[in-house]
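One structure, as structure tokens, below. Some questions next.
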Amino acid sequence: MSYRVAVAGASGYVGGELLRLILQHPELELGAVTANTNAGQSLGSLHPHLPAIADRLLVETNEANLAGHDVVFLALPHATSAEVAKTLSDSTLVLDCGADFRLEDPSAWEKFYGTPHAGTWTYGMPELTLAEGGKQRGRLRDQKRVAVPGCNVTALTLALAPGLTAGLFDPTDIVSVMSVGTSGAGRALKSDLLASEVLGSARAYGVGGVHRHTPEMEQNLTKAAGVRASVSFTPVLVPISRGILAVNTVRVADKFDFETLKLVYQDAYSDEPFIQLLSDQLPTTAAVLGSNNVQISLAFDQHTGRVVVVSAIDNLVKGTAGAAIQSMNLALGLAETSGLMFGAVAP
Amino acid sequence: MSYRVAVAGASGYVGGELLRLILQHPELELGAVTANTNAGQSLGSLHPHLPAIADRLLVETNEANLAGHDVVFLALPHATSAEVAKTLSDSTLVLDCGADFRLEDPSAWEKFYGTPHAGTWTYGMPELTLAEGGKQRGRLRDQKRVAVPGCNVTALTLALAPGLTAGLFDPTDIVSVMSVGTSGAGRALKSDLLASEVLGSARAYGVGGVHRHTPEMEQNLTKAAGVRASVSFTPVLVPISRGILAVNTVRVADKFDFETLKLVYQDAYSDEPFIQLLSDQLPTTAAVLGSNNVQISLAFDQHTGRVVVVSAIDNLVKGTAGAAIQSMNLALGLAETSGLMFGAVAP
Amino acid sequence: MSYRVAVAGASGYVGGELLRLILQHPELELGAVTANTNAGQSLGSLHPHLPAIADRLLVETNEANLAGHDVVFLALPHATSAEVAKTLSDSTLVLDCGADFRLEDPSAWEKFYGTPHAGTWTYGMPELTLAEGGKQRGRLRDQKRVAVPGCNVTALTLALAPGLTAGLFDPTDIVSVMSVGTSGAGRALKSDLLASEVLGSARAYGVGGVHRHTPEMEQNLTKAAGVRASVSFTPVLVPISRGILAVNTVRVADKFDFETLKLVYQDAYSDEPFIQLLSDQLPTTAAVLGSNNVQISLAFDQHTGRVVVVSAIDNLVKGTAGAAIQSMNLALGLAETSGLMFGAVAP
Amino acid sequence: MSYRVAVAGASGYVGGELLRLILQHPELELGAVTANTNAGQSLGSLHPHLPAIADRLLVETNEANLAGHDVVFLALPHATSAEVAKTLSDSTLVLDCGADFRLEDPSAWEKFYGTPHAGTWTYGMPELTLAEGGKQRGRLRDQKRVAVPGCNVTALTLALAPGLTAGLFDPTDIVSVMSVGTSGAGRALKSDLLASEVLGSARAYGVGGVHRHTPEMEQNLTKAAGVRASVSFTPVLVPISRGILAVNTVRVADKFDFETLKLVYQDAYSDEPFIQLLSDQLPTTAAVLGSNNVQISLAFDQHTGRVVVVSAIDNLVKGTAGAAIQSMNLALGLAETSGLMFGAVAP
């Protein structure tokens, strides 16, 4: 059986990555590929790395073009997703790679995005451990509307959730600093994304708790911890195209014990197909490039009473498009790993 | 049906890439993975990007460990391949990713490598057009010994062969300058391959006709042209890990016509599954990264009477490991594209 | 004695580099810094690497603001330079870093730039050897209008001129392929200059003899050779911000002898303060980064009858702003090296 | 007046940077340049970016060769510095760029370095604010033995010291994560510093409080705060050759007020010649490359009660060689800025 899928917003980097993964998925058939200003262009002109569909033309993102698909992926600017989503059939599985439906708290949405809250969809992070027991995976089966997590959010959440759920971390003292690649900033023209500005340089941005991924991080970690979590998050742009290397540090709770922590993580993640818990090595973004994998390492700094959980993902795969496919698999009742079990491209 | 394959020299970059591709191939089962100084280590410690086989241990490269496989890939230093090859059964398909069996002319081998010539195996470049008619593909079926081409050689040969076979190029006036990534230099420790030396820098090497790929280039182009070809080749190391961007220029023959040339290339390559002939775009290494694809563009500079054929490949895939799998597919009678039809990882 | 200098077009990369060099020059005092759309902004917002002048404001590029300076550097888009130049006093030394006044042949200008030819100024390449004897240096003294050479042009010209002047090269068979950094493309927003497109990738552009630097290259080499020279030139964009690594190959003339060639280059360049003739090493862009130096190496490939001259420059220093200061020094009668004798920043 | 200076350990990256800065210093004359295994080689072979001294030969690092200089810079592996230092005259100014003489607490030294403590020299960080009043600058005048700070240490210390001295930060809750370039790891051959491993990748190292710079960081911040400070520090290697981008976060003290903090930093740093306090921009490593400058920005995240101080330095200049020259200037009674007032090389 094959599902017919559409990609709305196929001209950007997330759209391109969805196309790459759809082509590799044994149970998917590519239907409409849509865009806004790029409608009419060929995929080959925008994504020359996908020769199999180079001659396909982008059509306009509208109700008619997106109708008649089993699955629609939205890879659109925020606020636009919500508009397009309204036009889609209830029986279609829709996965939004944007932010519109991630947050549950309308005031958090409005504070960070400045537009009215569009609603909340089922959150597409299967591996998220929940304070109430179980993982988010159980909630995705048969869903028709899925909000795909933010890339930085995934790097932090998967790194800290098990320790929080186990009560081993203090949820009020979390500091996360991430080295992130440029593709996460999208394909729009901005002067500080010019290669001349990025090559040979590192720079922080969204400094001081203002990055839009912060409330989503706290929403997740609060679900994992069962009590309110807060996060100090700072991203640093570095000269890599893909990848997030997250250094997540958290003060340990009173009852902390490092051996227990390691068991907790093994218990949470040893059966997860996309999570590698490293013991003798440290994560690198190169080791996950192009794959849906997450690398995680644990270290305890007794001297400061902090655990340092380092995690690495490919922002366009496990950070977005791969996570979307993984949630789609679950929502459709396919094998969760279908079309996603390949190694990274390294070096 | 599944073929059991071994990789000899699995600790290096070519070895790692063979493993990645073998894992994605539907008709292969991984047998022994061998190394020399790294024997005893886990694949996870050397290739952390391949979690599916992280716990597999490298065994020593010797006759016993390599016996009992349908296919053996050799990813060994030159001269070592020839030694190991002697120990392998005649009924085993052996593909050498090194240089030992590529050259037909013993004196060329000795001049460039300084050791006795080990022999010549069937050359694993299916798309190579031959002056005598047909392509090299026809010679690979049922072979048991295949010499996988050099990476730079592939980038040049596929770029110029059709025009030479058609008699539209002067085979005695070819200049090729390539921007090449660092993985082509392998994993050995050399001070000029330190990141501090490579980042932000470009440097030529092997300047003045001394690069070892030169005689192999000329061997191929001579077969394509039917008359003796000579090549001025200069590689330039640039700060990318993978990829070859080749600028191949050639003086046109007297009877040259650019429209004819374009037809010749379309005729030669439009049905090739791994070759993209670009008309409105120019090749980039990013657009082939991680894939077995080749991008080629043609331009005619009337003013100097030279054609400039730009080509791009991933040196570890179409340049080595992917080419090895492709030739293996042909030699085994599988579909030539089996396990190799995936897009590149971009951006 | 101190000269008061203005920079017109100070918001771009060439403008920024002129400012950096002016601040280091012992005999210059910075006057007006002008821009077009960025007028009113502080230099600190555009060039945060120059804290000494962070609070200076950009003023509009107009006659009044540029009046009253001893020296005016133009770092403007082509055609704009010519417009602004008209408004400047004859007694002011004007150096144009753009293309407007480089070409002597109006038809070449019109073919490559598509606008009317503005005229020709004294060419600012002191080290250029001339077929008629001497070097270009001798023509710069006391000049009031200087055309600063194109960056790629400098990398090629200095590499080949002495051999052409000596009659050792065939001026009709020159092939040059350069690995170039992104800053040479300027600060304007273009999608193919986004970091995500450039990182990890190499791509050729201006392929097939259409790059605008071609006629300037041929003009120079014709002056060096004394007979008409033609050049096949292809630039390749690589992930470095600064630098040009040029692989320049040329067929040798009948009377060629490699030992003679080396003597010719030593004779031409051993006293040049900014040219390093390497014998045991090869040029790298890292080794000239931030400096006004040129590295040049010679190799002879007897087998193809071609000499390969590799050269490296920093496109923003010896390729533009440094060359401008050097010519200014000569035109003002200062020491040619004043303000320019510093090493490169490596690694 | 000119001082004669020697560089012991001139073959590495710090040694090379010292040479570059010495050549630009108006009051220095280069004497002996020494090395261990590289003795006998020319500087040109090791530092081709410094053509002015390309023909100088490295001599052995020994007492005789280092005698007779006014100033000796040590750029040696730790433990070696202490050995060499014993052989130098008391009247010679000696500046150690290594770690041997930085720590005051012998047990901290032994814990992190595993060798006997060699002693403590005057700490070469002029801008360090002290809880007891004043800055470290006052202690450097006329000193003969100076310990140059560690590069990461400088990036953290200058970022947080004024707020700690003012009592506005909690010295027990400091988390610092730095993106660091590869040159900080030196020129020794290590497989994880190969360009193929570094390009396109980010990876943390020294995770969990084990990095050797940690005790030096805490020593400095304790002096700034007047009470014991502790630091959770994690470095991340990113694909840049030079530069440190430090994200330093600290919980605010009870009496904290952000406006007060900004005034405290202005008071501490507005007259510092090498520190730029940014208000509308954020630091980048590109903006300090090649310069002795430090960029610092302040942000307050009220939501988590943490201040985020971002700082950027060039690890080889302000992080090592530039700091050494600056301390030398002070120790010799020269202008502190002599030979160091130049802008960065950007883009």
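Just so it is clear, A, B, C and D label the chains in written order, and each chain counts residues from 1 on its own.
The rule is simple: a residue touches a chain if its C-beta (ideal position, glycine included) is under 8 Å from a C-beta of that chain, and two chains touch if they have at least 3 such contacts.
What you see is a predicted model, and the numbers here were worked out from it, not measured in a lab.
Novice: With one step meaning two chains touch, work out the least steps from subunit B to subunit C.
Specialist: Counted as steps through touching chains, the separation is 1.
Novice: Touching both subunit A and subunit D, which chains are there?
Specialist: In this structure, the chains that contact subunit D and also subunit A are B, C.
Novice: Where the CA atoms of subunit C average out and where those of subunit D average out, how many Å apart are those spots?
Specialist: Those two chain centres are 35 Å apart.
Novice: Nearest whole angstrom, what separates the Cα centre of subunit B from the Cα centre of subunit D?
Specialist: From the centre of subunit B to the centre of subunit D is 46 Å.
Novice: What positions in subunit B touch 2 or more of the other chains?
Specialist: Residues 13, 183, 196-197, 199-200, 239-242, 284, 286-287, 289, 347 of subunit B each touch two or more of the other chains.
Novice: Could you tell me which shape the graph of touching chains takes: line, ring, star, complete or other?
Specialist: Topology of the interface graph: complete, with all chain pairs in contact.
Novice: Looking at the complex, which residues from subunit D come into contact with subunit B?
Specialist: Against subunit B, the touching part of subunit D is residues 13, 181-183, 185, 187, 189-191, 193-200, 239-241.
Novice: Residue numbers of subunit D touching subunit A in their complex, please.
Specialist: My answer: residues 173, 175, 177, 179, 196-197, 199-205, 207-209, 214, 230-232, 234, 236, 238-243, 245, 247, 249, 282-287, 289, 297, 299-304, 306, 308, 310, 312, 347.
Novice: Which residues of subunit B touch subunit A in the complex?
Specialist: 13, 16, 19-20, 23-24, 44-45, 47-52, 54, 183, 199-200, 241-242, 276, 278, 280-281, 284, 286-291, 293, 295, 341-347
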